[in-house]
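Next, two complexes with subunit A in common: one pairs it with subunit B, the other with subunit C.
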Partner chain A sequence: MNLDVQSLRTFSRLAHSGAERAAGSLSQLTGVETFVNVTKIEVSTRQDVEREFHERDLVTVHIGFNGGIDGRTVLAFDRAEAVELVDVLVPGAADQPEGEMATSGLKELGNIMLGGFLDGWADHLETSIDITTPTFVDTQTEGTLEDITGDSGFQMATGDDHVLAFRNQLETSESRVGFHIYMLPTHDSVDTISNLTGGESDSVPIETFTSFSSMISEGAEQASDDLTAMTGMESAVEVSRLSFVPIEAVPMQLTDATRKGVVLEFMGTPSGYIAILFDDESAEKVADALMPGMEADPAMRQSAIQEIGNIVTSGFIDGWANALETVIEISPPTYVDDIGSAIVDPLATELAQAQEYAFLIDSAIRTENDAFTCDIYALPNESELREALDQLAAEAQ
Partner chain B sequence: MASTVLVVDDSAFMRNLLKQLLDGEHEVVGEAENGVEAVELYRELDPDVVTMDVVMPIRNGIEATTEIKSLDANASVIMCTSVGQEEKMREAVEAGADGYITKPFQKPNVLQAIDDVVSVEA
Partner chain C sequence: MKIYTSDTTNTVRERTKVGIADYGVVSGDETLTTSGLGSCVGIALYDNASGVAGLAHAMLPYANGDSKEAKYVDTVVPALLQSMVDRGANPRNVRAKLAGGSTMFEFSSTDGSIGDRNVAAAREVLGRERISIVAENVGGDHGRSLELVASTGDLRVRSANAGRTTI
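Let's turn to the complex of A and B:
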């Protein structure tokens, strides 16, 4: 299965318009205005998706689809929050969030939203897509994606571990409930969509994307090890992923909370920008850990944060350079202290001069006791990353 | 035997950390925060060892190492950097670096690297 950037752009537009239909369905149903906040495409593995369901304690509604394209869609949400919304549909549901009435309401919610989501794809592809009845899945207690067969007996034939996940975040104006819609098409279906919408010239095997994802994970592990070595606090990678987003959506990946950290430019194949960010409390704890017992002035604390950003960046990127047998130069770190979206906005704006969509790499490193968290956002130049992926693909042959 | 050391790093924190690591073992005779200052201070102080960061503003550590080595072929320069790219290490060796340690480093690694270059020089 090959992917090309043109297909990814089309996928992104389709997923976004599908999510807007889903949001419209929800608004009509509940009278609660609903917005599509972010649409991302992630090239990941089935295990990654399953792990996210488990770790975030999400409940899900699954619908299988077949016809023009095959696969499954999943509506995922925090149960307590979603039940509040269902209460609008089924008054009293919130009194027993685990009860049959609430579960039934959630299934219907999923049915309507995911049905609307898939209609957009069917119309664009000028095909018909049949959907199964919804299956409610509590991911804390039930099996893996492969095990979930649904009320109508559908099965997910992903073939192997590669999954294209189309992730949409929806928010309502009143309760700010966040929903995520995942679309997990089969490999054959991705080929079908690619053939209908993509170009052949820049296609890359999907295995190359997942190889690069593995490199990102390894880089994040190295960065985590470096953080542990510097601070003496055991840390681990919580999440690490590669996604494809409209460039204007990049700043929306961060909240409006204040962040401290560094921004660096990297130059080579690929070039781009990287931000290493801490929340205020984490930044203080990291600075304290770097200078134990020292009365450090603010300038020295800032320097410590810059240096750790520098080291984390190298840990993150050096592995790419070594795998690609190239040099990726890294600029000196620039200290930043601002709201998260404002830090990333100028980086996205810079890239937006030459590209409409961005490959976004994001990783989160966290200590076991939540002493600190460190978020890494990397924005490689799209065409240069494609070159790098081409090189990886060539080396794999 | 204690050596005189010139510490070159654009990070005040890292210069401070290196001074602490070397305290009581070697004498830090100067600090520079970019490659230009490093070359000037090398001329002025003639240290036994230079610990050299790679990524710095104005002039990077590879360029500064090349210049220091052209001034003094016997200069001992240890790259102390977060950059762990193999190609970068080769560039550093080509520039004449005598040692290469990557951040985050521990005190024994730094002391060992200094001992290694000083013993070769002796």
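Let's turn to the complex of A and C:
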């Protein structure tokens, strides 16, 4: 199965317009304005997707589709929040949020939103897509995606199951409810869509994306080990993802909350930018751990954070450089203490001058007791990364 | 693009979010917000007489043929203005306020400050549209989040460390 950047762009647009249709269906039905916040294409392991549902305590409605393309769609949301909306569909549902009526209302909600989502795809692909009846899955009690991903996953040499997920984040006005729509097309359907929309050139086997994705995970593991060694606090990689997003959606991954950390530039094939960010509390704890028992002034704290940024970046990027058999140089870190989304905005904007979409790498490292969380965002130059991946694919053959 | 009508039965003032490479128009008691302006520029337009206001969050100065009009200063200003006129604003009464366009980092690979170029483009395009800029909070090396109050044209600028101000 090959994927080319042209297909990814088309996928991204399709997923976005599908999500707009889903948002429109919900707004029309409930009278609550709904927006599409982010549309991403991700190569994830099945475990990553499952873990996210678990950690966010999300319940899901699943709908299968077949016809022109086949696969599964999943609407994931917080049950308590969504039940409030469902009351419009099934009056009285909100009185018993855990009850049968609420569940059937949620299924109906899934039906309407996912139906709208798939209509968007069918229109664009000029095909017809039939949908199955919705299934409600409480991921807390029923657990896994195992049965639902079915043949939409593909197994890597490493034994990890990967999925190509189209992830859309929807939000109702005043941020009352957030929805995530996942679409997991079957292996064959990804090929079908690629053939319909893709160009001949720039094609990269999807296995290359997944091996790059594994490299990123290894880089994140290395960064986590380095953080543990420096701070003496056990940490683990919570998330590590490679996604393909419209460039303007990159800063929207972060909120208005203040973040402290460093921004660095990396040079080589690929070049790009990286931000290592902590929330205020995490930054304090990390700096304290580096200077135990010391009364550190702000300048010392700042240099401690810079030092951590340096080490984490090296750990994170050295792995790819080795695997890509290239040299990636790293600039000195610039200390930042600012609005989270504003920190990433100039990085995305620099790249936006030459590319419409971006490969976004985002990883989160967390200690067991939640003492700190460290978020890593890396934005490699799109065409240079593609060049590096081509190299990797050529060598694999 | 987002357009909202004011709901007079709702006593809570509606806040509408404007994303990146996006714009919105509201009127009456409503407000528009946008967050995380680094080198991006926020262009706030308002007409006090009609109470119609619009806010754009542009990433780059010139579209050079790209069709995503809300992403670029030179294409979003005419689109925003038109959308305000459609909602009853009179172009002659429209005033502008600018915020954002900072230079947070100096990268080795970059060609000058995009923030500066965004602000310069905004001044140029607004001049071409004969809209006067009555206030600015631009440049520097910090990020900003904005809230525009449609009824007054007040633009609240919040930053992480440089405090809050209303222009």
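To be clear about the criterion, the second predicted complex is superposed on the first by the 380 of 397 C-alpha atoms of A that agree within 3 Å, B and C clash if a C-alpha of one lies under 4 Å from a C-alpha of the other, contacts with A are read in each partner's own complex, and residues count from 1 in each chain.
Just so it is clear, a residue touches a chain if its C-beta (ideal position, glycine included) is under 8 Å from a C-beta of that chain, and two chains touch if they have at least 3 such contacts.
None of the values given here were measured: they were computed from a predicted structure.
Clash-free side-by-side placement of subunit B and subunit C is the outcome of superposition onto subunit A. By the document's definition of touching, of the two partners only subunit C reaches A:248; subunit B does not. In the superposed model, the vertex angle subunit B-subunit A-subunit C (Cα centres) comes to 90 degrees (nearest 10). When both complexes are overlaid on chain A, the residue A:214 reaches neither subunit B nor subunit C. By the touch criterion stated above, A:290 is placed in contact with subunit B alone, subunit C being left untouched. Touch criterion not met for A:104: it reaches neither subunit B nor subunit C.
After overlaying the two complexes on the shared chain, residue contacts for A:349 are found with subunit C alone; subunit B is out of touch. Contacts of A:331 after superposition: both subunit B and subunit C are touched. By the touch criterion defined above, A:66 lies against neither subunit B nor subunit C after alignment on the C-alpha atoms of chain A. Measured by the number of subunit A residues touched, the leading partner among subunit B and subunit C is C. The superposed arrangement places subunit B and subunit C with a least CA-CA distance of 11 Å.
On subunit A, the surface patch touched by subunit B in one complex and by subunit C in the other comprises residues 331.
Of all residues in subunit A, only 33, 35, 37, 173-174, 247-249, 251-252, 254-256, 258, 263, 265, 267, 271, 273, 331, 334, 336-350, 352-353, 356 touch subunit C in the complex they form. The touching residues of subunit C, when paired with subunit A in their complex, are 2, 4, 14-17, 19-22, 35-40, 59-60, 66, 68, 71, 102-105, 107-110, 114-115, 142-145, 159-161. Subunit A contributes residues 226, 229-230, 290-291, 299-300, 303-304, 306-307, 310-311, 313-315, 318, 321-322, 325-332 to its touches with subunit B in the complex. If you check the complex, the residues on subunit B that touch subunit A are 10-14, 16-17, 55-57, 81-88, 91, 102-104, 106.
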